[in-house]
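The two complexes that follow have chain A in common; it is paired with chain B in the first and with chain C in the second.
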Partner chain A sequence: MAIPASGLMTREWPDPVPARIGFEEWAELFETIPDELIQRFHYFPPNQEQWSLYLFPPQTFAIYGCRHLRRLKFDNSLAALRMWGFVQNETERLFRARQTGRHVVACMGDLGALPVIVNSFPGCVAFYPDCIWWTPFVMESQVLFDAAAEQGIPEATCFSRAALGAFAKHSYFPDPDLVIAATGASCDDYSGVEQLAARHAREMLWVESPLRRSCGGVEPPTVEFLVSEYRRVVERLERLTGHRLSEEELRRGVARANRVRQAVAQLRQLAYGAGVLPALEMMVIEFGNLHFYSDIGEWTAVVEHLLVTARARADAGQRVVAEDALRIVWVTPPADPLLLCYLEDRGGRVVGTEFVINQALAPIDETKPGLEAIACSFMAASLIGTSRQRAELVLRQASERNAEGVLISGILGGSHCAMEARLIADRVKAELDLPVLEFDVAKPGAEIDRQTRTRIDAFLELLRSRR
Partner chain B sequence: MKDILTPRERFGLLVIDEEQDRVPVFPLVTGHAARAAGAALRDYYTDGRVMARSQLAAQERYGTDFISLFSEVGLVAEALGSRYSYPEDDLPILEQPRWSSLSEVPAESALFDSAGRLNVYLDAASYAYEARGDTVPILAYVPAPFTTAQQLVDPEAFLLGLVEDAAGVWRVLELSTRAVVGFCRQLIRAGALPILVDPLASGSVISVEHYREFALPAEAEVIRYLHRYDLDVVLHICGDTTGLVGAMAESGADLLSIDRIGLDAAIAQVGDRLRIIGNMDTTALWLSTPVEIAAETARMVETGRRNPKGYVAATGCEVPLATPEENIRAFVKAAKEAGRNDNFAAGRKR
Partner chain C sequence: MALISGADREQLRKERLQELTRLKAEGTRVVGYFCLYAPVELIAAAGAVPVRLVRSSADAETAGERFLRADACSFCKSCLGGFEREPLFRLADGVVGVTTCDMMRRLPEAFEAHRTVPAFQLNLPRTSESAPHRLAEFRRQMAMLGDWLASLTGRHADEDGLQQALQRQNRLRQIVRRVDELRATLPAAVSGSDVLDVVALAGLLDPAAAVAVIERGLVRAGQSQSTAERPRVMLGGSIITEDDRWLVEMVEEKADIVADIVCTGARWAAEDAPVGEPGLDLLAGFYFSRLPCMCRRPNDRLYEHARQLVVARRVAGVVYKTLLYCDPWSFEARRLHDELGVPVLAIDSDYSGQNREQVRTRVEAFLETLAE
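The block that comes next holds the complex of A and B.
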């Protein structure tokens, strides 16, 4: 797995002065990228088929329906372009995985642990249908929500219901060879989605996510239970693939996942500390820790390319968000990515996140046996404990980064969001005396609704007045 | 039976070699859309909003799988300096090519004299994309460099030049290629997928040798540009392309849209490499009865769906302006029924 040589990249296509740029500006910039560079990047390396190229600009994906891309702002580096191209063609990549004989395994609900096991099997590709929740927003479309409604999930449910629509459509990912669905101490809306998705699955394996009782440390009985659940996953995958997984293979799988997690941890430090990457790119990067966008090898190269870029910017004192921008910790991932752009356009910057994927950000202890190590890392999960525990994650980042405010973007109909936001907000106000903005993300559309814009503007104005 | 997929989802699967819920259906409803929407034809090709609204109305009315932005092949040539008249109820007519002979063509020429009606297409693309871009592919037909060149120079002088003045032909082709690429660049930004049409390179107009020498390299140049964006490129040449179809495949196109050629023959020649779009006879579509059209369409689809790389049920050329609506409906209904894939929802096996 080669780390991109930044010097080589610089010679072929030197990154412009770091900036957030719009759709039209990327179109202009892409015209200057040489053909040789476009031909260099393939997914599923060492494969060199033309269909596996992915260094394409937002215009490509807009033509195929991703209408929201025309309104977003993007980082202008080659590494960011590479990242966007790679992420945007994941649907095609999953179908190509199937066409080239790989086993496609859908993981649902646990957000980070199961793909580490799946990817340890040779020829297996893990993905999360959960991440389809962004698709209606990126396409500015109701199609998947309508499809979910036909399957029995009404409008007043979390946007993650789009995943059910995608199962029914058979066109956003190939019908998985196996679906591994985590439920239990997890999002109950999504558990409902999983139950209905079972109608479309060839094989469904249910895995119980246990409740975490304490606020830190590892609870041996819970870890033991999780390990037993993961053993069932391994057994089912062994039946699927006809391959007996060795401890050594599992450890290598853990090490591969850790390599990405470590790079992302450094990117978080650089981006949230020194402002070298925009919040939108960082959200995409953080969520890459879940399933590596269905190709862990190439995603590792993409992330390490981003890291090279971020370090170079930090060394040169270059930033993409102003140093004096208002420092915000963002809680719960915004289903509408335009919100992150808007915050930065209006003079804010993200310095910390709690996107309910803490379990995917934590490093995995490579000194422990594989399944135990994965189980221990899952104990850091955002959703398996109390709201008080989740609030701790927010408080810690807000303190470390000297945040000036906390923004919680909720999900209309998402039950834990409605219950949890106020509890987190109360603790932030009580313990750090920071203003908190809570709002529910509106349904997909061409722009942010006026009420939300006004609330963000007023919130930033309040933070400014406190300086 | 209700469709499972939107047209965009269906096209998305086609271009990555996956089965769809049914064959995509694509009567080339272009200027006819104005009739269907009750708009004056001249308004259709001079006002982007009228073009878009007409296309959106036609797509909804007939239940087709694509929006087809097009009026005629003079579009780029007009922006390069050729003059057209605009009859109220007919398509633009070439009044005066920019040059009367190849010898007048300078070695270097500025790209666009004016935008001409290019902005009409760009407006139409933006409008249609905003309205339905999430569910329906927006196709914008772009006249290829060879066809454009024949609208820039007196057509007779140009065709004689193929034999007598290859250098002069290439001067025009280089200019028109640059212009076509430039227009494609704008369409891409507007959200439209350019589809390359080269009717004046048809076997009904030039020889295979001239196609290979002049039209093909220019098509390939435009397609190379579109492939930089990973776009799936349709190449449409109407008329008789029996002798051309193998050469057309060398252009790099991903989908070939064919007209007066046996579907079986086209599949035999290029079906292992390319998706095929075609090829209902448009005169038959205009003049036959709905019952006859349905029967012929079903036969066509049965043949077409045997193409290993995939198939789109289409007309061979543009739907004639005066085609009765019930005939188009008969075509679409029959194509959908004959092209249905009953195994799709049951789950595709490895």
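The block that comes next holds the complex of A and C.
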């Protein structure tokens, strides 16, 4: 359900002056939202069933165990509330998908391309178990890590191991009809998670993510290779669904994904340029480009609602983060969302990100045949190239946004973190003379560990002193 | 008595270093590689001398930590540090990396950044299921490696050169397999560490020279190594270098290592490359389809191989040594235990040696349990 303009929304429930607000404040604010407005938002459009409502305040999800929500700060717009309700509701949505006869397909490891193909099939719902890596933090719980440990994954490993715990628990999402697992030029941790998850999967189809040698340019033989990999995916999905995918359906699937990608690209410009949305919401929005939170139709409406809000704020000269905040490019997504809030609380703001999902942020070329276009888009992925190439993405954003520092949040034992963090940091220091803070995100907890807080504080102090 | 004594191995290493130094002075290029997926036949056919760089030490690891984080794999750090400490590493005019695991994929970039050694990444698909486009892509990667080698040596590998190299390597693989089979006899004619030794020599010496050395050793090793029935153990896990010999010796004090699934052991020689034309096509097919490393996906064929070894060689337990932060192998320890049906001792360690006595206690306790 797209919201074409902010006027209607403003009349029914005018957004307050932009601010980052806490859990309790959202509870109070939610009381003022009219029931008719709450009743308007349903997932799986055009479905209007009562069970598909999702506009709930953070409290609802905290009751179900998302304790971290009590500590985060949220944007106070209706669009942001809608986004949080939709995102937090994903588990329910996946089980509903199964109940209503949809095919649930897990896409693992490629971060962006596979769901475009899966969603092109009628009645297929793609989701990323990868994104379960936030769940232990949001729930302040070790349960999924413990479950992964029982499967054999040691502690000093990427938090993405939570996905294996979720597979083993059979409770966080319905057992997928098919698991498509990308491996190859990707991280070891997740490739290992995939291999062990295969024991819990009905069927797993392996897809190769090829290595990218050149910087920027598209390598025709590699694209051709990737198209062949995607053809295997299409064939397998055709067997699963009994439906032969037409080029037109794939083209429409690409167009749908592009609609989201284009909206998110504009949101990035507005948020990282004009400071109209907080970093936390932006991270959630960026990751929506991977799998659209299992419902591309409604997620499109959510993102476009956010875009309307962001534009209205920009037009009115309203900001949600201070104009004089210290400008930071954030590299590698923090598993603990509280870190983004903390940065803003302490006077920083995110003006660029390199969350290893850059391939999902750029539009797919709609003039090319579908699979080729998706393959070309994927070939931009920062994860499949060199660290030098990834550093270029960081340098470009830091230059464009006049960043004052670069923050690299890593994961102890994460294969690419261990190998590339220093290479990226060295290049940023050498080429832009910018300070770099590199730290590993600590395990889930109620608050950010003292050492990390001190390091972020000291980093921001250093940046301030350089002004 | 060892198939090739420690003193002989040291002497062979010393002589090889001298030989490589001389060859370099005469204009021959030395190309280092790390992994059994590196096509040594192609390197040799391009006129370079392939040498496997598998030394590891705590000092080299520490040296590598100047450039990589502490939570990078110990072998990767040690390789990077090795370029300032190991004479063999310093002889390398270029390095061939293979994109097996993520850290090895990224290692050549670190070489270029910090060591100014030209490096080529051979992109081996991690997916192990054969498909025509995957084989074609790997064939293309091999051709690119051929071009890179030619830029180093001034010579492209031709068909004759490839065929000769294939035959020489196959001969070497065959004799290493013979050594491997001998350790499984009862009583064993050679030891598990003999297999690791001959594979190490195979990566260091010229193939013909290595064959000659192993043949001489086999003549001497006609006698049984072990007279008493001892626990029969399989070795598994991350790369075991010559510097990990302490662990092998520790195990062999109380048990016989009758099989292994490590890349520096019998897996290196598990199969012959097909001989015929066109050599590059056959070579690509051979390396793509090798008995898979644990990092390939799916890795079920390695499990099947391990199960066969357990049955055929009456393996009573597995000593499974992984390197810290080696995800492909360490993640699989539990599954291996579940699927092989024999006890598995999982040891996770770096090269520091600080936990060696603790490891000893665990190994001895494990082997005593097997002996009961």
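The rule is short, and it goes like this: the second predicted complex is superposed on the first by the 463 of 467 C-alpha atoms of A that agree within 3 Å, B and C clash if a C-alpha of one lies under 4 Å from a C-alpha of the other, contacts with A are read in each partner's own complex, and residues count from 1 in each chain.
FYI, a contact is a pair of C-beta atoms (placed from the backbone, for glycine too) under 8 Å apart; a residue touches a chain by one contact, two chains touch by 3 or more.
Only a predicted model underlies this, so the values are computations on that prediction, with no experimental measurement involved.
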{"item": "Partner chain(s) touched by A:157 [first = chain B, second = chain C, both, neither]", "value": "second"}
{"item": "Which superposed partner A:208 touches (first chain B, second chain C, both, neither)", "value": "second"}
{"item": "Chain B versus chain C as contact partner of A:232, first or second or both or neither", "value": "second"}
{"item": "Residue contacts with chain A in the superposition, chain B compared against chain C", "value": "C"}
{"item": "Touched partner set for A:118, first chain B, second chain C, both or neither", "value": "neither"}
{"item": "Contact residues common to both interfaces of chain A (with chain B and with chain C)", "value": "none"}
{"item": "Residues on chain C engaged by chain A in the complex (per definition of touch)", "value": "67-69, 71-73, 76, 99, 101-103, 105-107, 109-110, 113, 121, 123, 125-127, 129, 131, 133-134, 136-137, 140, 295, 297-299, 324-325, 327-328, 330-335, 348"}
{"item": "Residues of chain B touching chain A in the complex", "value": "4-6, 8-10, 12-13, 16-18, 21, 129-130, 133-135, 137-138, 185, 188-189, 191-193, 228-231, 344-345, 347-348, 350"}
{"item": "Chain A residues touching chain B - in the complex, by the definition given at the top", "value": "23-24, 27, 30-31, 35, 38, 51, 53, 56-57, 59-60, 62-65, 67, 70, 91-92, 95-96, 98-99, 139-141, 143, 168-171, 174-175, 177, 200, 202, 446"}
{"item": "Residues on chain A engaged by chain C in the complex (per definition of touch)", "value": "150-154, 156-157, 181, 183-189, 191-196, 198-199, 204, 206-208, 210-211, 213, 221-222, 224-225, 228-229, 232, 386-388, 410, 412-423, 426"}
